[in-house]
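Take a look at these structures.
Both complexes shown next keep chain A, but they swap its partner, so chain B is in the first and chain C is in the second.
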Partner chain A sequence: MSESISRRKFLCIAAGCAAAASVAGCSDITHTSFFRHNFRDMTPDELKKIIADLEREHSATFGKQVLVGVDPPMDGVSFAYALDISRCIGCRRCVYGCVGENNQSRDPQIQWIRVLEMNKEKGIDFQEANPYYDAEEVPRPGHFYLPMACQQCENPACVKSCPVGATWREKDGIVVVDYDWCLGCRCCLSACPYGARRFNWGKPTLPAEEMNPDTHYLGNRPRPKGVVEKCTFCIQRTRRGKYPKCVEVCPTGSRKFGNILDPESEIRYILEHKRVVVLKNELNTHPRFYYFF
Partner chain B sequence: MSNASSALPAAGTGRGGSLGRFFLFSVRQVTSGGRGYWFWVLGLAMVVALGVAAYVRQATGGLITTAMRDQVSWGFYIGNFTFLVGVAAAAVLLVIPAYVYQWKPIKEVVILGELLAISAIIMCGLFVMVDVGRPDHAWHLIPGIGRLNVPSSLLGWDVLVLNGYLVLNIVIVTNLLFALFRGKEPNKKVFYPLVLLSIPAAIGIHTVTAFLYNGFASRPFWNASILAPRFLASAFCSGPAVLLILMQILRKATRFEIQDSAIWKVAELMAYSMFLNLFLLGAEVFKEYYSNTEHLIHMRYMFTGVNGHNTIVPYMWFSVVCSISAFLLFLIPRTRRHPVTLNVGCVLIFLGCYLEKGMGLVIPGLTPDTLGEIYEYFPTPNELFISAGIIAMGSLVFTLLVKIATPIMIEHNASARHD
Partner chain C sequence: MAYGPGITWGDVGKRLPVRAAAALAGAILCLGLSAGGATAQEAPPRHTVPVDSMVFETPPPPFRDPDIFPCSQCHNADMPPNLQRRQLVDMHDDIVLKHDEEHRWCLDCHDAQNRDRLHLANGTLIPFEQSYKLCGQCHGDKYRDWRAGVHGRRTGEWNGKKQYLLCVHCHYSHEPKFKGLKPLAPPIPPGRKP
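Let's look at the complex of A and B:
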């Protein structure tokens, strides 16, 4: 007990020095967030207090009751995602469903999902991809669509590269980021082969009336500027047995999600019966995001 | 060193041994100087102030004040960082030829190299600090208190080796200077093992920094095993280029004695390094263009541009031209020894390596991004101001350190000759 107190004291002194050193960089730090531990190192009491602080802070900011959940991985559950490329029409409903559900910044615009328009003659060729297509009507002739988001790799290059252990893979297969631990060095952006990670280059803005108050600590709670975020398979929903928002809003049923450990699940059916590919297989990242056709 | 090893406490120094007096002496040194000195120091201080003002702007607005975006998420800051790690490494590597060829001013070469290394590492640290989104979270890197992710994160390793290297160089320099200040030789049992240790450490910091890029399988331009050797070869050109110019300035401005032969030898070694550097670059160019896979696109972005995106192309060709002409100048003994062509060569090498290791490594590595998008990065004025502030800061540190070291070295040499 006394050991942990002296460690805390030391931490406070060190942290205080660092705070004094980084004069102007601190506009986003509240007293509590500076001393906050990595999510994986918190004691239950500490976590409870931090959750209370966060809920109070966000509720005041957005003028509504904001909840910050910490639902742990469920036993016997490991998530996987499958996307039917032949069905996707490139309407970007998933993109905007995700933005709303996951409290992504409206300005500067942050979108975890990026839909690439591909040329049918070229096949899956990223150098021919167009993420900025603007069409009256989709799908456009001669094209198909490849929505990209975090591939939730079993062997994630981003996790390996993080110098402070601010991002890791949970037991249910979700790769998460602790926004209050992230250094903002962007090694993970360099490491990710799928362009899945987003950095808060400016202060994120989120209209209060559009803010989704049902959040998760490692998911869609509001983020500060200067840290990295990305898709979490809607951790706040899926750990409560719901589908990710993108699956729910897709008008064509191209998006499938489920527990890979459940032999009766739809995702298992797809893996066993469809022609399934993962992107950039040669990099040995073992994505949990499968494309089929 | 052999001629000075038997020196008794130097005659006429009359100084005591306490650290306090050494400190007082240092303060007196940096606060006294001619008009030129003050002009230089205050000029640097003004640039630092400009940099601080620009940083305040970045810290309040966020890194959106830079030109970096998700597609190209590292830029000018990290490019400068990489180049300066090379300078820090190479400055100390000059110790090797100094020993091999038994140059007369061996301690001067060592001291200058170590002081340059210290200043360069300080700049490296600052460049990383201005690049991160949450500098207040830097304490998360401290082992035991934070959560330093070693052995898996290469940036984690880089933090360890760079800080270790900084401490090592500070210990070596203060050990040597304090001993000479007291009119004594440094304790050989401590000093020489540390100097020897600094040599593999210098190679180590640059290798780890190369591995930081090399380790990203997602970025084929960096994921080439030739990268670390290329880093070392170019560092062996740029570091000595800086040092050669500094040595000549010091020789002119103070009574610091540095033989011509030492300078020429360094220039000759630089010619060989530059040959190796160009050879390794050529090997990469051959592999990419001959095999002509989809990975070629990064090199095409660098040398010819892709679909009209050619922001960095002129800089890269300028870099190649600088490096090749400097190589020729340093290869030919007559131009290597001529004071004008020697210094022109140094400047050319510096420019060539700065563009190649700064922008030329980072930008093409990230362009096009992993999903094939081309975002053309070019630093914003605010980014340039912050960078200028950091370089001025490093120059200021170096100036003050040299100001303290020079009289001690000169006095030591004078008394050693007396014996």
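Let's look at the complex of A and C:
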């Protein structure tokens, strides 16, 4: 591991020198993103400097005070999510709540949550699922709805597939991406059995007035072109005790979130009292996203 | 957090009809079984607060006409209650009951003597702010999930203070079926411009 890091470091420096030579006088953020370490290897001083650079750069871009948090995992906390598929009506309020909260690109369109419309006669069958449904009113007769986002697996295939260690599972169960370490190789996109990861094929566009300035380094800070992103359980909210945005905007209350280690939590009540399924159980990914009914 | 996980002997008593409960108690006594009580003591229920005394903080009840409450503005001493089950024509004729309407009518939930209160089946008066107790009489499974934070929308903190909603914030009491919504725009299929 140390060998690959040092090799990468060398390549980074070489590429950085070349880039620095060609774009002399570029912004601070370009320098820091070339010469910095992986988020997990940063010294506190380095992190502080990078956060200051990021905040300055984003504040200038969006014309408002942007904060980049680095809240660590809480002790004794492991997150889990549950979704009531008998109650979800497929209204997509969660999709757009998430887009706004997490600064997802409007064009090219990036949406972390995808709501699948399924036929009640077929059950959970991804070949029959339709994400592009539109109607005057949902739920449509004979259908049920299954929103999909990152399943925050305990045994994540995406993490194992990353050749550079730009994505990993945090202690509280959130699988995160270091956007400045990501190469954009998209191995994780093909490895994920749930289609939960999104790639920035173009430069993300984000209207300044709609930009959420309360960000997290590993979460909803603005992303560059050419990197992978995905649901982080709203890391900027949940590590401060708040519910994820999708939980708060769901008009039917189908979405539940909490600490799986707390026996009094809503999640534990669901696991102990409801019929719970995980998607693609046979793949041994151990999702932390439970569907119940 | 407070919710009722398993069924305890106390709960069995509450859920069974009185006669059945008496018969059960009699059977236990006749057989001289003291083990039932002992089991309950060994495994105390997770919560010790009786359900009846639980009070949840909720936003104020969503009256359709904000000036309609208190009801005693009109339903006062000058208007003696008419206990005859009937179709309302003079007032409240906009309310169409679609909630087990064959068997129930206004005064099954609204109290005839004190119109500013609702009443439970046992006659206990409750304020509109605690209408979940009334709903919970029939919809006990939903009430149990709601108390646990599993039925209905919660906002606030996953590890702290949560905001509850009353049943009637989502389910209009006289026609409780949840109304459908217009879905927001579908995603753009790959290769297509918005």
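Keep this in mind: the second predicted complex is superposed on the first by the 265 of 293 C-alpha atoms of A that agree within 3 Å, B and C clash if a C-alpha of one lies under 4 Å from a C-alpha of the other, contacts with A are read in each partner's own complex, and residues count from 1 in each chain.
FYI, contacts are C-beta pairs under 8 Å (C-beta built on N, C-alpha and C of every residue); 3 or more make two chains touch, one makes a residue touch a chain.
All figures in this text were calculated on a predicted structure; none of them were measured in a lab.
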item: Room on chain A for both chain B and chain C (clash or fit); value: fit
item: Chain C, chain A and chain B - angle at the middle CA centre, rounded to the nearest 10 degrees; value: 140
item: Touching partner for A:Ser265 - first (chain B), second (chain C), both, neither; value: second
item: Which superposed partner A:Lys242 touches (first chain B, second chain C, both, neither); value: second
item: Greater chain A contact set [chain C / chain B]; value: B
item: Which superposed partner A:Cys250 touches (first chain B, second chain C, both, neither); value: second
item: First, second, both or neither for A:Leu283, with chain B first and chain C second; value: first
item: Nearest Cα pair across chain B and chain C, whole Å; value: 7
item: Overlap of the chain B and chain C footprints on chain A, listed as residue numbers; value: 114, 131
item: In the complex with chain A, residue positions of chain C that touch it; value: 1, 3, 5, 46, 148-160, 170, 178, 180-189, 194
item: Residue ranges of chain B touching chain A (in the complex, touch as defined); value: 55-56, 59-64, 66, 68-71, 73-74, 128-129, 131-142, 145-149, 152-156, 159, 215-219, 294, 297, 366, 368-373
item: Residue numbers on chain A that touch chain B, as the complex places them; value: 10-11, 14-15, 18-19, 22-27, 29, 34, 38, 41, 108, 114, 116, 125-129, 131, 148, 157, 160-166, 181-187, 189-195, 197-203, 224-228, 280, 283-284
item: Interfacial residue positions of chain A with respect to chain C in the complex; value: 77, 89-93, 95-96, 107, 109, 111, 114, 131-139, 238, 241-243, 247-248, 250-253, 256-259, 262, 264-266, 269-270, 272-274
